[in-house]
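Labels run A, B and C following the written order; every chain starts at residue 1.
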Amino acid sequence: MINLDSKVPDGPLADKWDNHRFAMKLINPPNKRKFKVIVVGSGLAGASAAASLGELGYNVDVFTYHDSPRRAHSISAQGGINGAKNYQNDADSIHRLFYDTVKGGDYRSREANVYRLSQVSVDIIDQCIAQGVPFAREYGGLLANRSFGGAQVSRTFYARGQTGQQLLLGAYQAMAAQIATGKVTLHNRSDVLDIVTKDGEACGVVVRDLLTGQVSSHSAHAVVLATGGYGNVYYLSTNALACNVTASWRAHRKGAAFANPCFGQIHPTCIPAGDEFQSKLTLMSESLRNDGRIWVPRDIDESRSADQISEAERYYYLEEKYPTFGNLVPRDVASRNAKTVVDQGHGVGELKNGVYLDFADSIGREGIDVIRERYGNLFDMYERITGEDPYRQPMRIYPASHYSMGGLWVDYNLMTTVPGLYALGECNFSDHGANRLGASALMQGLADGYFVLPYTIGDYLAPKLGNAAIPTDDPVFTEAVAEVDTRTRHWLSKSGTKSADHYHRELGTVLRDYCGMARDKTGLEKALSEIPAIREEFRKDVKVLGSADGLNQSLEKVNRVDDFMELAELVVRDALDREESCGAHFRDESQTDEGEALRDDDNYSYVAAWEWKGPNQPQELHKEHLEFENIELTQRSYK
Amino acid sequence: MSKNLDLKLRIWRQDGPDAPGSFLDIEAKGISEDASFLEMLDTVNERLLDDDVEPINFPHDCREGICGTCGMMVNGRAHGPEKATATCQLHMRKFDDGDEITVEPWRAASFPVIKDLVVDRSPLDRIVEAGGFISAPTGTAPDANQILIPKEAAEMSMDAASCIGCGACVASCPNSAAQLFTAAKLTHLNVLPQGQPERWKRTEAMVETMEEYFGACTNHGECHEACPKEIPLDFIAFMNRDYIKAKIKNRSLASQIS
Amino acid sequence: MAQTISRSDSRGRVKPLRRRTRELPWPANLYQTAVGKKYVMAITGIGLLGFVVAHMIGNLHIYQSPLEINEYGEALRDLGGDLIPRTFLLWLLRVGLAGMFVIHIHSAYSLARMSETSNERYERKQDYIAANFASRTMRWTGPIILLYLFFHLADLTWGWWLGDTYLRGDVYHNVVESMNSVPIAIIYVVANVALAVHIYHGTWSLFQSLGINNPHYNAARRGFAVGISAMILAGNLSFPILVQVGVIDEDDRTTPPAGSVEHEAIAPLSATTVLEVRS
């Protein structure tokens, strides 16, 4: 039975983290080296955690399925990272970032966690600068900032359109320094396929070496998952192709509650799909909305090119509907409105599946050089993909699955419901509620890795001083290894007919149709009946060739799709359960007269944490009720 | 409407590092010109699977040109014919109907082939581990704006830091030298004020580690042409100068003489 | 269990191709790494380039008069005047040049070896974009220049095949004698083209190797390389070509050069004596 104790410390909001840091048990430096910690994933959260733990003296084993830690998908984040520095003198503060984040998340996040996130956001910027992250600067040598969706202040730090890359390099380099000292051991091309528990506590992982196919186990005093999000459950998403839910899902099956799975963010500015062979949707940074104006032709039969359409014939729907925030409304609002106008037939492009993002005005105002400096690499990328020049004609954009606010349930210490098992970054559910603000993912990943976990893990480990890690010849390990090996190999013995991709595509289509930007009961129920059928068909009919004793990308993929098949059902079940609209979760049944998301705070102000009850058994819902002591719940309005 | 292309593919297949490799000839018909190069390979793989042939393993991940996972020799050029473009961002509209396309893995003694088009590029990580970092343990940082960095220096650092570590520089180099990668990593940190204390130690360590794995640069400039991020050759000159300085400098005088 | 990947250590990591050796004391340690060797190569390259340029310019005396070129040759032996023994400074320069040659060649050889062991060839020919003829033929033009050096010494310094017609000290005569032969002239032309090609890449490359690099003048580096190699090519090719077409010949050496009294050492080497010797 799962106990959802959030362990939020007492005291005034602003003092909670300080109080908690004082109350936590400590391990003295020489004793830290008696502990071993496993970190799964080498993105922002994983690399920063591994580096910080190594610096503290812990022995760290890092696992990544990539060839190099630097390839983790954090690298693709473009726009920036928030920090409540108030460098722009525009009345920003820790409290305002906290407020914006809770409000942006439509009041479905935990106040104390978000406040702590805002507090450490300031330290993250300092830390990154010290590591040599080349953030954009003003001529005086001071840091530059820009504004971002969902905020009225400029608090976003950025490194061209490659902020994620630069922050990841910073964290990776910090980790590389620890690898060089031997405190951190890197296991690349190692796919973590199961979490091992003994007496209910996490004690290690089962790993498949992707080069040799060999399955082995690794043991530690604690296991930290930093494995990212599950946006790829939609098949088409902005995630990298290898992003998967496997480690989190296996943790879920071992007892970790999975929270708010239906909160999946749809990013408003992506390049629309061109064809059915398309393997992914490419994101164009949200920062483009700072200078681009979004519009569609008023006439649904419009066939002229953009430059021939006069101002009066253009429908700047965000600016008209939301005069205050205009093109900078939060992502969910921007996405849903794009869907609305496209559904109404205003869409642009050959398939009429996009909206315009137009830079003509800013190029006229600021000059082409300024725009090129800000967004040059994004414009180039757009041109490479579409063959169209965004300096001359507006970009076409459309929303795509992007980020998972949902994930493993964690308490204030970032521990899941399995003792000793932590979840960091996108793979936990913690800070973004029902919708994440732009430039906050990088912030959260680094906050968790640099400034939260290194403190909280000590509190768990301290009483274990003197206990050796469970040896890997313990039956819990040998059985887990055998199970993983059998599970992996059994795919090869099938005489199926279709690829894992084929079934993944089918699954994604169902999810996008019924559990995408807008959901309703009928559609969700339909999805709930279709998904198990696809899963059964997949398990019977999938075709995998090659061997399990060496590199085999199809074999890696099939394992991942298998877990997506189970997750998809939970996503839909969660969406069905939540009969309100909030943030990214928009139920058609629950909207205001103006078509905005209508929350039901009386009945749904909770985190839905689902407990695994066994294969083909519906998960059990547990609720962590959210208390808001410092923020008054309002209907979000960005008008 | 977009056109379709019929292509003749010659794709390198190799079971493992010690296995002999050979080209697989495939007729790929009806490939949309809007597909990316990797989506074209996806399509080919689906067809191979239907024919009971094991799909081709090829390196790929983000497919938006930033993770640096993808990379293969396309018609004798690293990342294919398009300038400043990683393989994943190369689109089939750059090819003509009836083209013959030869695809090979990166080749260098320190990039052993793992399978088909996938190679092991981990020696690049060894170079970073040798010194490609600024030692700033978490929690020790001063306020971010306390360190003033001229915009020009920040921009130069960023130019260097935009390296995606794909290995095209090594793959395209007639000497299999990793100068451009190392220089980019080094310049990123060496031009920043924060990077100064460890500058000379870092330079020595990274260059000497690089030379354990890779060949010697003879200034062909092929790496720059292959680089998806167009890292300039100037950084190599910068690295060479820093390396010699590192060997000569009296480091205890760092605060007196720049 | 160890992985089965070859070229990898017990942890499955790619093994280094070569191990670092113990660091020698400064400045020998510079020569232990490829980047350092390239630096040394650039420095010796500059020295050798200086020699080639000075040699070419000095040889232009041939266009003034036979006497001038012979005086020039004599002046080289007399470098340092009466302060030091005759030919001492010339020998010092010769030894220095030889030393630079040896180091230049040794570094080139070891860098080439290093690249060879690091490289694996593509099955389909690589399609080069930046690597040009000059940069890719350095390892061919280099040995050609070395062979040419010996040839040139044997020809005009040691007079191996001119035999009796070789006159020690009469540079003008020896040049005309040697380059009148078509095969020898061809050798000179081919070798000097190789030399210019080598110098073209070398001159550009040395800026990179030395790290002389500044946005203000980076664009001028290519131009400089083209200019200097073109100048050397034009100067050095002029000798065999003009001898062949007869612009440089000994037809006019009938009168003893003016002022030969002050230059006793070369006074007997007038055209008449030369003709006597030949007959």
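One rule holds in what follows: a contact is a pair of C-beta atoms (placed from the backbone, for glycine too) under 8 Å apart; a residue touches a chain by one contact, two chains touch by 3 or more.
Small disclaimer: the values here were computed from a predicted structure and weren't measured.
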Chain closest to the assembly centre - both centres taken as Cα means: B
Of all other chains, the one whose Cα centre sits farthest from subunit B: C
Cα-centroid distance, subunit A relative to subunit C, in whole angstrom: 63
Chain centre separation (subunit B, subunit C; CA means) in Å: 37
Between subunit B and subunit A, distance of the C-alpha-averaged centres to the nearest whole Å: 26
Subunit B residues counted as touching two or more neighbouring chains: 16, 114, 120, 122
Contacts with 2+ other chains: residues of subunit C: 4-5
Subunit A residues counted as touching two or more neighbouring chains: 211
Complex interface listing, subunit C residues touching subunit B: 4-8, 13-14, 16-20, 26-27, 29-30, 33-39, 111-112, 114-132, 135-136, 138, 201, 204-205, 207-213, 215, 218
Residue ranges of subunit A touching subunit B (in the complex, touch as defined): 48, 51-52, 55, 66-71, 73, 75-76, 83, 85, 87, 123, 125-132, 134-143, 159-160, 162, 165-166, 169, 172-174, 176-177, 179-180, 186, 188, 211, 240-242, 274-275, 277-280, 282-283, 350, 380-381, 384-385, 387, 450-451, 454, 499, 501-502, 543, 545-546, 550-554
Subunit B residues touching subunit A - in the complex, by the definition given at the top: 1-2, 15-16, 32, 34-36, 38-39, 42-43, 45-46, 49, 52-55, 57-69, 82, 84-85, 89, 91, 93, 114-115, 118, 120-122, 124-125, 128-145, 147-151, 154-155, 157-158, 161-162, 164-165, 188-189, 192, 194-195
Touch list for subunit B against partner subunit C, complex: 10, 12, 16-18, 23, 73, 75-77, 102, 104, 107-112, 114, 120, 122-123, 126, 172, 174-177, 207-208, 211-222, 224-226, 233-234, 236-244, 247-248
